[in-house]
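Both of the next two complexes hold chain A, though its partner changes from chain B to chain C.
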Partner chain A sequence: MTPKTDLENINPKLYKRTEEREVTTKELDPTIYDPFDAREIFDLIRGINDPEHPLSLEELNVVEERLVVVDDARNTIDVTYTPTIPHCSMATLIGLCIRVQLLRTLPSRFKVSVKISPGAHVSEEAVNKQLADKERVAAALENSHLIRVINECLAGAFTDPKL
Partner chain B sequence: MSSENPAMPTLKLVQVLTGHRGRVWNISWHPEGNLLTSCGEDKIIRIWGTEGGVEGKWVVKTSLTDGHERTIREVTWSPCGNYLASASFDATTAIWDKKSGQFECNATLEGHENEVKSVSWAKSGQLMATCSRDKTVWVWEVAEEDEYECAAVLNAHTQDVKKVIWHPNDELLASASYDNTIKMFREDPADQEWTCVATLSSHTSTVWSIAFNKTGTRLASCSDDGTVKIWQVYLPGNQEGIATPDGTPVWKCVSTIAGMHSRCVYDVAWCHQTGLIATASADDVVRIFQESLDSDPNQPNFDLVASSSTNGHKQDVNCVAWHPTVAGLLASCSDDGEIRLWKFLEGTS
Partner chain C sequence: MAAPWDKETLCQAIKEDPAFCTSCPSVSAEILARRLPLVKLVEFLKDLLTDPEPSQRAQGILVLSSALRDLPADFLREDEVRFIIEFFCDRLKDHHDVIPAALKGILTIISMKNFPKELPSQILSTLMLNITCQSQRQEDRRTIYRILDALVVPHYEDLKCMGPDLVYHIITSIDGERDPRNLNYLFSMLPAILRTVSLGHLTEDFFEVMACYFPVDFQPAAADPNQISREKLAFGLSECLTAIPEFCEFSIPLLLEKLDSSLRLAKLDSLQLLMKGCVVFHPNDLAVHLIPIWMSLSREVLNGLDSEVKTAAREALTILLRNLAELPSDVAGQLSPMRQLLGDVISASVSALGQVQTALFMPSLELLLAAAKSCREACQHVLTTVFPLFIDNFKGKTEVGDKTVYLCTMSRFLAVCKELKVTPERIPDISVQWSSIVQLFFQAAKHDNPTLRKEALVGLTILGSTLNEVESKNLFNLLCEMVDGENSKEVRDHCTLCLKEMASFHSHDVIKHVLAEKLNITDVQREDVRFERHLAIQCSLAALQPFSELILPNVIDLVVLSHDEHQAVCALTHLRVLLEESQNSNSHVFECLHKCDFVLRVIKWWFSSIDKVNGPGFVNSDAILSEMCHVISAVMRNLNQREQTLVHEKTEPLFKSSTKDDIRAVDLLEAVLGYLHPGVVLNETRVLCPTLAFIAIFRSEPKTVVSASRLLASLINKIPDENLLNEILADVSKLQDEVIGKDNEQAAVQSTALLGWVIKGLAMRGHRQLESWIDKLINLVGDSRNLIALSAAGAFEVIMAESPVFLNRESYCVIRLLYRQRVFVGSLKLIKTSRMVPIEQRSPYLMAFTNLLSGVPHNVLHPHLKEVLPMLLESLSQKSVLLLQAALDALRGLLVDENFSNELRDQIQSIVPRLLPLAANQDSIAVRRMALNCMVLLSKLPTELLLPFRNEVIIGLESCLNDPKRLVRRDAVVALSRWTMMDAPRGK
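Up next is the complex of A and B:
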C-alpha cells in the first residue's frame, strides 16, 4: 500500500449517525438468552474510522445496519460494505478492519464473512476472495505496520460519539 | 447402544490433545506412526507420543520453540523419519533433526519472498519442495548433510501457492494454488530442467490441499468452492482413448463430491491402507468418504460414510492426517486450538 498525499475521494457525501440503541430490561435479564442481532453487530463496526477521512464508516455510509445479516443459531454473520467510490484503493483495508473488529469482539463460534456490496467496486471479486482467505488474513495480521494502521482505524470504534 | 461395532460406520473420538495457544494449522504423523507433530500460530512445534503404543494416551514429548519468528503453517516428517521440516510465515523453512540427542534446527532454507505455506519431501528423501505466497514453488536437493541446494524455482502459478506434495513413489511434484488450479512438475531428463507437465483446472476457487492415493494414479483435491474432486491419470496409449498430446500423461477430473461441505474444504487426506478419504472443513466437521464398490473406475462415486457429528471441533478444521500403519486412526486439528484423534469403525452390516 503506497502512502497517498492526496485524498482519493476529496468530498465524500456525509450521512447521519444512528441514534444510540436503547437497552431493554429483557436484555439486562441474565436468565433470558439474548441472541446477537444486526443492530448489535452494526454497533461494533459503525464507529470504525475511515483510513483517509476523520469520519466513521457509518458517516460515510460504508456500513449500514440493513447490510448486516446475523443468524445467531447457525453462528453466521454476513457483513456487506460499500466503498465510497468504485476504485477505492482502501477497500481491502476497510474490509480487513471490519473483519478484525468482529474477530476481536465476537465469540469464536461465529463464522464471519465480510464482502463488498455487489457492483460497488471494480475489484469486488478479488477483494472478497482475499478477505475470505483466513490464511492471508492471519498473515496480514502478523504484519506490524498493517496492524498499527488497523488499530488506528479501530481506535474510534468504541468511543461514544457524544463525548 | 453398543459403541464398538454399530451397524453403520462411525467416527469415534479417541482423544483430545490440548496445549497449543490459538489456531493449530497442521499435524503430521511420523512414518512409523509412533509420533505426531503439530504446529500453529503460537510458533511452537509440538511432538506427541504415547507410553504404551499408538493405542495409549498421547502426551507432549517435546516442544520446539525459537525456530520461527512467525506462524508455523506446516510441519512434515522426512520419509526416513529422521528429519522434520517446518514451513513458516517468516519466509523460511527449518530442518530439524535429533543427531545431538534432542531435536535441533540444523538448516534454515531461505529464498522465498514471503510466507512459506507448505513443505514436502519426495519418497527418496533426496528432494524437497516448498511453496509460498510469492507464487513460486521451489525444488530443493539434499546435497550433503544439512546442505540443501535450490534446484528449481517454478513460476507457473499466477497466485499464492497453498500446498505442495510429492507423488508417493515417483519424482512428480503437485502444487495447489489460490489461482484455482493444480499443477504438476517433473524434471526433464534431457536438460535437467524442472517444468510444468500438467495443469488441472476445474475448481472455481482456491485449491487448499491435494492428496495422492496409494499408487499415485489418482489425486484428490479440495477447495474453497466447497467441493472435493478426484483426478485420474491417463497414460499414453490408455484403453479409454483419452488423448495424451505430446505423449505426456493427462490428469482428468473423474468425480466431484459436491453438496457435502457447507463451507470451504481446507484439507483432504487419502488413506493408503484403506482407501478412505477424510476432509477437513470450515463448517467444523471431519468427514469420511468411501468409493462405492460398484462404481465405474472412470466415473467413480464416493459416498459419505461417517462424520464427526457430536464431539467435533468447535471451529474450522484445518488439517486431517491418517495414521501411516494403524488403519482407521485419524488426527485432525482446528482453529479451536485442539487436536482430535478419531477411530473410523466399519459398520457390521
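Up next is the complex of A and C:
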C-alpha cells in the first residue's frame, strides 16, 4: 500500500549541505582583493529550491562546487548542472532559475554560461541551446507564469545575515 | 436610607433611566428585606405589563427579571417559581419585541433552587413551540443557548420524558448559527450536553449540525474586543466532534476527506481531530477505518511538504496505535488491528531504510520511531523485526558516514526502548538480541573513525543502565582506555558523559576501580597528557553528590601544593568548568568547597607564594590569577550571607598584611567582594573606595583599572549608609576634579572613564544626585581635549550596559526599576547642547548619544523617538568609522523591533539616501556590511512604503556586487535579492 503521488522522482538521493564558508583572516583585511571563486558562485546557487521537492539544488546534487568554473580576470563563469534523472522535465526550468539567479546577483562584467553536464539528460543539446539564447531567456522571463515559478524557487535561496 | 419604592417612584425611575430596567439592585434589596412583597412589585408594574405598546410591556418584564436576578437562589418558594415561570413562558407568545425580555426572565428563574420537577420540559416545549431560535438576534440566541445550558445537564432526569424531542429541539436551535461569539459559547457547552443526553437515532443529525463548521475558516477582525481566534474555535469544535465514542463513524470519514485537501490548516485541523478521536473513540470502531487512515497518514508522513503537518501526522499515528493496543492481541490466528497497522508501517518504511542518502530515509525512520513510541508491544515488535535490518546495514556498509547514520538511528530507537522499559530486565525474550546490540556498539566504539566512536558512546550512554555486570565492567575498561588514548576531544567529552551516566547508578564501582585505580591523578606524571585528562574526568564527576567530597579536597591540594604553573592552571581550569556547570544546580559542590576553606586556602597560597623572595616564580602568571578570580567569584556567588561573612573575615587580614605592593591583588579582591551580600559588614569601605579610585585613575594596567573601577561601582552601589556614601563620593569627586584640571592627559582620560563607572553604580541604586553627576559627564563630552571628550562619550556605553559582571542582580546590587530610563531622560540634554556647538565639533556628542541609544530599553526610547532620530540620522552622515558603526548598530536595533515600524515608516526617505553611500563606504568593511544588513531589515517594512525607493536601492546596491571584499559582496547579494523580490510575483 504505497500512496500515490504526482512526483516524477519519488525517492531522490540526498546529499549533505556544505557548511557555511569560514571567514579567513585575508577576507577581513581591507587591503586585500578577494577574487570571485567557484565556492562564491556555488554559494549563490546552492540554496535555490527544486521546483518539485522541498529541497535545495545542493541537497539533490543538481549543482556542485566542482562544476563551477570561474575566471575572475577574464570575467567568465561557467556553471554545469546535473538533473536528478535523465528525462527530468524540470531541467530547463532549473537551468533558467540558475541563470536568473546569477543574472541578479553577479556584477554585470561577467559573461555567464549555464549548461547541463554532458550525458546527464536526454535532450541536453536542446536545453543548452535554449539557455544560451539570450533572446529566448528574455522572452521566458516575460512569461508571467514562468517568472512566478522562478521567483518561488529563488525566494528562499539566502538566509538573513546573522545579527 | 432611601424612601421605599411605590408605584409612582418606580414608574418615574423607569421612564427617566433606561439602564434602570437592566439593573435595579435597590428594588431587589427591598424585596429581600421583605419591605416590598413580590406581589406588590407586580402590582406597581401592572400598567406597564398590560400596556398596549409592546416596548412598554418589554420594559416591565425586564424590570421584573432584573429584580429577580439579584435575589438569592433560595428566596422564592416552589409555587412562586412555578407561577413566575408560567408568566414568562406565556410572554413568549407575545409580540416579538417582548420575547428578549421574557427569555432573560426565564434565564434568571431557572437558576433558582426550588425548581419544580415538571418545569424544565414545560419551558423547553414552550420555547420549541413559540420561538425559532435562528430568527432571533445574536444576543437573544445566546440567551436561548444559556437556557439550554442551564437546563439540559442539571435537569436531565426531569427532561428524559421528552425523549427524542429534547435532542431534536437542541439540534433545531443551534442549526445554522453563524456568529463566532455564539459558536464559541456553543462549542464550550455542547460537549457536556453530548455526554449527558442519549442521542439515539439523531446521533448523525447532531454530528452533521456541528460538522458543517469543520475545518474552521475564520479571520478575526484586527482589533476584536471578544478575542475570538480561529484556534479557539477550532479547538472547541474538535472537542465537540469527538465528545462521545458514537461519533467515531462520522468523524473519521470527515477528517479523512479534509486531510485530502491541499489547505495546510485543513490538514492540521484534521490531524488534531484524529488525535483527539484516538483518545476517545473505541478501538473497535477505529479499526474499521484503519486502511483509509493509514493511506492518508502515510502520504502525509512520507511525501508531505510541510514539517508541521508531518509531525502532527506522526503524533496521530502514535496515539492511534496506543489506542488500538487496548484490543486483545491476535485472536484465533488473526492479527490484531494494532499488529496489522504496525505491519503496514514497517513494510512501508523498511524499503527506504537501505539507502541512507535517499529523500525517503529520514521520513521512513521518523515514521517507525513514531510507531515504536506508541506502546511497549509496538516497540518490542519494531525492535525484533527492524533492528536486524539496521545491524545488517551497519555491518554491510563501507562508508563511515552511512555507518554513523545507522548507529545514530539505533541509538534513537534504544532511547525509546529505555523510556518504555522494553529492556532485557523486563522482557527476557529480547536479551539475546539486546546483548548483540551492545556488542555492536562496543565494536563501533573501537572503530578508526572518531565520529563513529562518538556515536557509539552516545548509544552506550543510553544502554548504560541495562548492561549486565560483565558488560558494565567492559564498558568501564573501554572508557578508561579511551580517556587515556583517545585523540579527539569531542569523543573524550562523550566518554565523560557516559562515565557520568554510569557513575550515577554504579557509584561504588566507579569509586573503587575508576577513580582510585584507572583514572587516578596521583600516580601519573604532571607532564603526562593523562594527568590533565584524569583531572578533567574527576572534576566533572565531582558534580555528582557522592563524588564531591572524595574528589574536591584532592583538587584543592593540587593547587595549593603545586610545583609548577601547568599543574595549578590545570586544576583551577577544570574546577572553573565544574563550577560553571554546577551554577544554580549542584549546591553540594559549593558546600563542599566551603567546608574545605577553599577561598582562604587559595588566596593564602597566592599571597605567601608571591611574597616569598625565593617563592615559586610561576605564581606570577596571569593565567593562574585569572582562573583563580573566576573560581573564587563563582564560589562566593553561591555562598549564603553567613558563609560569605566568614570568608571575608578570614581573607581581609591577608589583603591588609600583604607586604609586597602587588597591584594585581585588586583582581582577587574584586573576586572576593564582588558577590558579597549587602548584609555583610565591610569596615574597610571608607578607606578602600578612595584607594580604588586612585588605582583606577593612575595605574596603567588596563585589566586592573577595570577591576578597580568596577569594584568601586559595586561598593558605591551597595553601601547602605547614605552619609558614608556621600563622604566617599565627595572624596572621589575631589580627586577627579583635580586630575582633570591638570596637564596629565592620560590620568584625565582614565578619570573620565571612572566617572562612567561611578555613575553606573549611582544610577542603579537611584541616587538623589545622579543628575548632577550626569551633567558633569556631559560637560566633559564638550571638553576641548579630544581624547577626554571621546572617553566621556564612551562612558555612556558603560552606564547603559545591561548587567555586566559583578553589577547585576546575582551580585546583590541594588537595581531600581527603570534606572536606565532615568539616565536616558537625564542625558537628553546632549541633544540641546550638541545643537549649540559647531557641526565639526559635534562628533563626541553624537558618539555619546549613540552609545546611550545602544543600551536604552526600547519601551523607554519609544516616546522620545522623534527627538532621537534626527541625531541618529546626523550620525549616519559623519565620517568617523567608530561613530558610524555605533549609529548603524543603534539603527539596526530600531529596525529589528516591530514596535518602531510606525515611526520609522515616516523616515524611510531620510534613511535610504544615508544608507546607500555607507554601503559603499571606503574606510571600513564593517560599516559597509552593517549598512547592507540595515538594508535587509529595512526591506521588512510594509512593501507599499518601500516601493518608491526600490529602483534607487537596486541601482545603488548593484555596485556593491563588485566590492573588493567577499564578505561585503555576500551581504550585498542578500540585500539586493530582498529588494528585488519585494514586489515580485511568486507562487506555483
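Everything below uses one rule, namely that the second predicted complex is superposed on the first by the 154 of 163 C-alpha atoms of A that agree within 3 Å, B and C clash if a C-alpha of one lies under 4 Å from a C-alpha of the other, contacts with A are read in each partner's own complex, and residues count from 1 in each chain.
Here is the rule we use: a residue touches a chain if its C-beta (ideal position, glycine included) is under 8 Å from a C-beta of that chain, and two chains touch if they have at least 3 such contacts.
Computed from a predicted structure; not experimentally measured.
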| item | value |
| --- | --- |
| Touching partner for A:D34 - first (chain B), second (chain C), both, neither | second |
| Which of chain B and chain C A:P12 touches, first, second, both or neither | second |
| Touched partner set for A:H87, first chain B, second chain C, both or neither | neither |
| Which partner, chain B or chain C, touches more chain A residues | C |
| Chain B versus chain C as contact partner of A:P54, first or second or both or neither | second |
| Touched partner set for A:T105, first chain B, second chain C, both or neither | second |
| Partner chain(s) touched by A:A155 [first = chain B, second = chain C, both, neither] | second |
| Touching both chain C and chain B, counted on chain A across the two superposed complexes | 108-109 |
| For the chain B and chain A complex, residues of the former touching the latter | 23, 41, 70-71, 73, 89, 114-115, 117, 133, 160, 162, 178, 205-206, 224, 263-264, 282, 314-316, 335-336 |
| Residue numbers on chain A that touch chain B, as the complex places them | 108-109, 111, 129, 132-136, 138-139, 142 |
| Residues of chain A defined as touching chain C within the complex | 1-3, 5, 7, 10-16, 23, 27-28, 30, 33-34, 40, 43-44, 51, 53-55, 104-109, 144, 147-149, 151-152, 154-155, 157-161, 163 |
| Contacting residues of chain C [partner chain A, same complex] | 291, 294-295, 298-299, 302-303, 305, 344, 348, 352, 355, 357-361, 401, 892, 896, 924-925, 929, 932-933, 936, 958, 961-962, 964-967, 969-971, 973-974, 976-977, 980-981, 984-988 |
